[in-house]
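There are two complexes below, and they share chain A, which is joined by chain B in the first and by chain C in the second.
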Partner chain A sequence: MSIEPIPGRNARLIVPPLVHAGEEFQVRLLIQHPMETGFRRDVNGELIEINLLESLSLDFEGQPVFTALSMNALTANPYLAFVVAIKQSGSFNARWRDQRGNVGSISASVRVVAS
Partner chain B sequence: MRVCGLLHPSPVWVLLAALLGCLAANASAQLAAPQPVIAKRDVRSGATFTSATIQAQQKDDDRNPGMLWVDQGREIFARDCVGCHAEPKGLATQLPRLKTDGSVITLEAQINRCQVERVKAVAYPIESQPLLSLATYVAFSSRGLAQQLPANVTQSHAWQRAHNEFTRVQGKLDFNCRACHDQLYGKRVRNVNISQGYGVGYPAYRVEWQTLGSLNRRLRACFFGMETTVPATSDPILADLELYLAWRAQGLPLEAPAVRR
Partner chain C sequence: MRRSNQPSNLTRRHAVAILATLPWWAPALDAAAQPASPRLPPTPTAPLPPLDERTRGIKMERGGLSLDIPTMAETGASVPVVLFVNPASLGTRRVTRLGILAPLNPRPVVLEIELGSALAQARLTTSIRLGATQDVVGVAQLSDGTLWQHTVNVHLTGSACFDGT
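Our next item is the complex of A and B:
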């Protein structure tokens, strides 16, 4: 049975709404994706075609922050967390593409307050 | 016919006697109502049998992959369900419930009933993304609340059928459900902790499945693990067992979407 995620709602990008300039904080990204390894079989015994996230990147106001190359050891529905610090308010934008050409993106904005 | 030396056998007295007899029978039935093997004070959520890592993942909504299904369910609920249900909170506590014909209607079955009778749409396929999403969102909305059982649940045929199934020794390994989940919980089978076997965390994200699944799917996995015949998804015994597990859980709060091993 194919699983059809509802477009635009298959990820969570979590950032604190307010931070101080230069303060380190965590950006957390949770993506709904089966991360098919190509080794599993469906109910009819047919191999399920490999389908991994092949590119995953996050930028802040157009500036690259984080890029990941994911391979089949990464779990389905991957969770990624990393630490960043910013000087001014803006939004983070994450994009990814899988081997079947499905693309997804999500953004979240952070406001910097004077420290 | 004389009922008593002092009384005339008027219809009023006969009726009263019958009424008292009924009350007495009812009281004795309640006294003798079967109780779950695990006492209420010893009831523990399945989460307490998982590793610290998995417990932390369940507690943190930003890391719990089940929340992805909750997000989608919230959208479907806002589109299809708010016409009848202004408030999703508490809906899941009424399920599984007993229908008048004695069969059990589960959370997923109720959603599909609404889908056909109210939304006037085609029922969702079992374990499909929208059905799981809606079920997870509805269950999530009752997080922390206890399931409400039908009155006199232990007198229902569904309870009796599930009780027989729960205690019936079956499969190549000569197991019944009770052997592990009522008697050996906290011990290990292969490399997993045996839980007390409740459904309060479902629909749950299972690491083994690498996805979220219903209690129906989990129960079928139990039968598979016992090396016995796995019932079809539509088999009413699975719905009966869902009701039976809710009875065994004795008010343990709902915690969907749980994360399980």
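Our next item is the complex of A and C:
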């Protein structure tokens, strides 16, 4: 039996380290997760149990960036990117949970420099 | 004929048996059909019905919404998507939600996302799964309740439903 990482524990939140105040930049979130749809079968022909992300949200210092309400057909290892602008330095924080109860989170900080 | 005798022998007992089990498994089927209901975190607005029910039978303008998706994809397992709302067409309104519908997928609501106040643009980049060649619908909901849609036909050469990834 192969050793697999716990789904959703590996993730990347990619932001630029330095930005100007009010400058628009991209926040990219990549989560390592199988996003099992429940429609696939394994080598023995048995249906693989469904395991999708059931909640996912990203905020900046408590200010919401996005909240996913439904993620039925994101790809395995879901990737989401948004364009944001911030006034002050701070950190982005993403939190998620899948249908088996695995939870994960990741944060990344951005420093605002004088423009 | 023999067949005509059967109902009188079978109906009552079978009907009772079926009715007795019905309330037990009917909700379970409903729950199985919509497995990805979000529980955490709580949505800031009142709960709404699924996006495909909200948009059913409604005539929606394209407005400032654009759905950028390849018209032909080699596999449905991963199709890149960009949903973008042109800020010039918004006026004083803001975009509250973005969604993607794939009517021929086993679960038609591909993605629905509530946009937060930290966003600079209503632009969402992601990749989705598609089960068949179909019209993919991007939907944007504005703060005044207006729904905009942009539909793109995506031709698939392979389905995500039977793919190993």
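Assume the second predicted complex is superposed on the first by the 107 of 115 C-alpha atoms of A that agree within 3 Å, B and C clash if a C-alpha of one lies under 4 Å from a C-alpha of the other, contacts with A are read in each partner's own complex, and residues count from 1 in each chain.
To be clear about the criterion, contacts are C-beta pairs under 8 Å (C-beta built on N, C-alpha and C of every residue); 3 or more make two chains touch, one makes a residue touch a chain.
What you see is a predicted model, and the numbers here were worked out from it, not measured in a lab.
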* Asked: Which partner does A:Ala114 contact after superposing on A: first (chain B), second (chain C), both, neither?
  -> neither
* To do: Have a look at where A:Gly38 lands relative to chain B and chain C in the superposition and call it first, second, both or neither.
  => second
* Asked: Who does A:Leu30 touch here: chain B (first), chain C (second), both, or neither?
  -> first
* To do: May I ask you to name which of chain B and chain C touches more residues of chain A?
  => C
* To do: Could you look at A:Ala11 and tell me whether it touches chain B, chain C, both or neither (first, second, both, neither)?
  => first
* First (chain B), second (chain C), both or neither touched by A:Tyr79 -> both
* Asked: Which parts of chain A are touched by chain B and by chain C alike?
  -> 75-76, 79
* **Residues of chain A touching chain C in the complex** => 24, 37-40, 50, 52-55, 57-60, 63-76, 78-86, 95, 97, 99
* Asked: Mind pulling up the chain B residues that touch chain A in the complex?
  -> 62-63, 65, 67-68, 71-72, 75, 125, 127-130, 133, 205, 207, 210-211
* To do: Quick one: which bits of chain C touch chain A in the complex? Just the residue numbers, please.
  => 35-41, 43-44, 50-51, 77-78, 97, 99, 102, 105-107, 109-121, 123-130, 160-161, 164-165
* In the complex formed with chain B, which residues of chain A make contact? -> 1, 3-6, 9-12, 14, 28, 30, 32, 34-35, 75-77, 79
